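Scroll down for the structure; my scribbles are underneath it.
In order of appearance the chains are A, B, C and D, and numbering begins at 1 in each one.
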């Protein structure tokens, strides 16, 4: 019966000037499984109403606070099935806690919280609540990322020896946070973003992608965080050397002052026999290079892809899917889980980033900052 | 007030085994302006119900025929605002006619009809009805196609001298239509697809893209249609030389037997000063090559793009948008138009393919077939 | 014993302002098999001397005419072993004739002569002389062109159905021939270049590449030659539809007014099972796309390449070889042949373009011009 | 008068099984300025004779030792003008010393010596001799590397903030040195190659490229050297963090176990305003990405390139030059220098790597090994 209606989503955040709220809305609804019906889009009730109207939702369900949304939606028969958190980092924990304690599953933007201590608290809340919790590490939703993950797991490239993951952007090459640009402002304010700047905003994505594709854990790291733009209060350029659980080496580069770069998240995984090369700006192909034999370019939707990769394709080969579609894969998996959990208390799907990824991501920020203080390697 | 609710869409077609119906649903709803609320998804009422359930729409609004849908929806206060036609070609005209004569605007898949005679009839119906009619030439929705169009219009490349447009696929390299594959079967049946095979299915897209980007009309053509796979009842490979309205030359290649190709729609426009190069499989960049100066790669969402290109971007640079998003641009423009038309009888937006494109596309098929018979050039 | 010394080359042409003469010198000497020892670099004895000095050859062997060179070199014990012709087209026949009738083998730039009649005469001279004659269709020397040729011959892509070959340049977008630019001037003068402009200068390269790689002959064509730049005396843009000997279709595009293009010679060969894609500006890879299975990128020097491709590589993978090296492959094969011919009257190697390619290339120009006059197909 | 003849070169090394000797020969002779007339190709006189014959040089000038070559050539009127050293590293110093002390200029393969102590001795010898000494850091000869260097010097990308340089190969993924493969064997033997494996063989190239393009010096580094293949006696994978003289950060990756990589030397330089991206496997373009404005792809030979880049081009745009041509640029500059030095005791050209690059490269190896021992940063 679960399939007879769409799941109802309430959003926290996503008001005027926000980028990621609208993205969550598109991604959540893309597969026709979820409908955004309510929101606390802004801490200003007026702005929240205005945002609600722009989303064309019922004006009565555009709330002035997440507390109000949770309280009112709980009383409705057609109340929300879950909330999505699309606010700056420092508010993630209280919102998630309020929802989970009210029995409402949570889909959260990343990083999971502002600090490592907070995520440990969140972990307890999630465990206690026993409710679905998902974390939108978007890049994990790309078909070819799934294929790379499957190829690693199947031993197709042999034991992994070296991984190079990069997330390079150029948009903070200048001191944009002083111009009033909203996205830059909160990210550069440690009170809102947490102690990590670049390392938290995008370093965590790179870190997650590495662990997600390789199936390996980072066990130690040595990190260098720089604030290249003078006067910036958080790091804007990060380099980390990593030890991986099988003894391999990782190199992670994240930067927001890499002039000319757009949204350059890329990964290369070198095994004994072959390597994998993927980049998000051209996401529908995966390059597999062998020590013997021609390079292979694997295309989204092709019949030869791994089952996990084929499972997330919506279009035939040659019809590019992009960022929204990757994002929507996570929502689809969350919706599947939510329905299955309601029916049978099903466990989280292995492919959907959740509370474990949340904790590891915050740990990564914490360890990188610690290492940067001393210049030494730190255990993970 | 128009903005206070989503527009309501009813679909014809899009049942089990269909590819394009689900695409229309995603595209239509992507921007949060439209909601699919009804459908005649199949001529089998049972299959239509089943499809409705999979789309999670109200079971009462999954109809067994488009006539029924039109009749019943007309009686509802919350009836559909427009229909989308996502059926094989031979049914386009009767469906469009029924809707328009009932006062319901139409968004139609392409080609507009099965034959040139039919489109002339459709044109009359549209003119008489005075209702919005849109045609989903998807590729016109890509941001960089809009940019190329604007660059041509602004004279950035100088007067156009030569255009090469290609649409190359490999999926019909074998006689797939004899395997029961649904997509291949109807396309290879002239009674359903019309007299054109490849020329109608994808040649029209290439033709439209050429006229859309260059702003030029094709005035004469010489076409060669081949059925390369033995026993195939329609053409599967087409070549056309074109004369353009400013005297320039066009070359159009369309093939469904180009082994190894995915969905290779590409265009190159050579002007006196520079050329433009775009390809759909990597749609978020446009290459501009000048006789003097470095090549320029223009990226989606960049501030330097033309206003028309920036208008259709939803994500910051480096976050790829794809086929669904291009498709959704057409739906957004259709929704804008529909609301504006209701308010003020606004005319069709210049950027949305409509009845003119419909007629020209069918004329192209007709002229190519005529030329192929004699081997001669034909006026357009 | 043949290997105990380098072969001695005498050049005709290649004086001041010439581009191709210096290229021939580099290419001929690159493999250490040939040494340029003499030349009639210009019809002006002074200029010829000056060119000889810049090449650092013995001043006594920089001649004022090819006749003089032939006469004097014949008398030397260490006289030239062959001549290379690097002059404008209209002089090719008399020079080749003089050399061959004097018993001197010839390596000639292309096209072989200025007219079709001339090449028929040349053919007789070559046949009668029974001496090595090579034609420098440079692109045939690239390793991956050899690989493509071998893959076609081995049936790796199945029977060929369609070939698209292009040679697009932009350097004649303006009327460069009126600025005194030497390269442009003679090419735009039918008395020197012959009746074909673009079709002769680069169309012949595209034509040769198509026949060389596919192993098929062109049997009929329909050509369109345009002089896009007003007042130009020869064609600068050519399009030809081709029938190939196995019934396949060919499309050939050649242009010198394709603004922004550099030296864009590219070919795509579509077979029943797969396609090959090669482009000269990135010559060290060959793309093989199959209907099933990932795309393959084949790299120069790799062990998996065909034997013919491996035979011409000089460097390990990843060390790019370019235009000079391709050119030098032809000289190496010519040197091999010359030594073998001296020893055993060996026949021409199958991989080296020679008199047959010369005749076919001139026939191609002739047929394209003929077809362009009437608009009709012509037999080849 | 210097221009009236070619310079005469004698090679040490380059016998049977050697790769780099033949490359030196081609590169040296490519521009018609130098002729290889003598060689001590092997320490076995027979093998040296055989190699001489294969190079088609005068049998009397194929010597059994470099001492013999130096002694005998000194006595000839047409004796060699310089020697090239193309032997394994451990012999570089004695050969260079013998030549320089005999008054013969030296062109040397890299790294300059086997150890840092040796290069300090070499430096003294060079200084004392006052003779031309060049070091073949091949990649410095590419036109677009020259362009990148000029763009950095001109401030086109603003002050440099971050540099990522990589040199990734896969050919030593297995223990190739145990198969008898000659290239692998000596490189994996510290007695012949010196203490550095990968760091010496290719890490030095990456290091040089970074300093060469940016014009900055490395002032400190932290290096990690791994021997990933079990039992290998030298490092096969290196990572180094660098401090540059302007305070910028560098990241250097070099590996010979990066499966699937060919000869992947690549560099990215991020300035305040823009970044430069170059990769050797596609050497004829340079990508310039700005924070504002489209990406620019700069092509070899184009008129808009810097003068230094245009100076080294031999062919018009679109005619790819490769590894041999880059190499030959260094030889041409060496020849220019040698002639100028003879005439006027001219100083070394700024663009040709010489003794300073020799010392810095060996210092780099030394410092990286030192840092690897302790895990700490070391001053340079």
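Simple rule for what comes next: a contact is a pair of C-beta atoms (placed from the backbone, for glycine too) under 8 Å apart; a residue touches a chain by one contact, two chains touch by 3 or more.
The UniProt protein names, listed by chain, are A, B, C, D = Gfo/Idh/MocA family oxidoreductase.
Bear in mind the structure is a predicted one, so any value in this text is a computation, not a measurement.
On a Cα centroid basis, the chain most remote from chain D in this structure is B. Of the two chain pairs examined here, A-B and B-D, it is A-B that is joined by more C-beta pairs in contact.
Distance between chain centres (mean CA atoms), chain B to chain C: 44 Å.
With centres taken as mean Cα positions, chain D sits 55 Å from chain B.
The distance from the centre of chain A to the centre of chain B, each centre being the mean of the chain's C-alpha atoms, comes to 34 Å.
In chain D, the residues touching two or more other chains are 171, 261, 288, 295, 299. Of all the residues in chain B, the ones that touch chain A in their complex are 3-6, 19, 22-23, 25-26, 29-33, 53-56, 169, 171, 261-264, 280-284, 299, 314-325.
Residues 157-158, 161-162, 164, 170-171, 173-174, 224, 226, 228, 237, 239, 241, 249, 251, 253, 255, 257-261, 270-275, 288-291, 295, 375, 377 of chain D are the ones that touch chain A when the two sit in their complex. Looking at the complex, you find that chain A touches chain C at residues 288, 292-299, 302-304.
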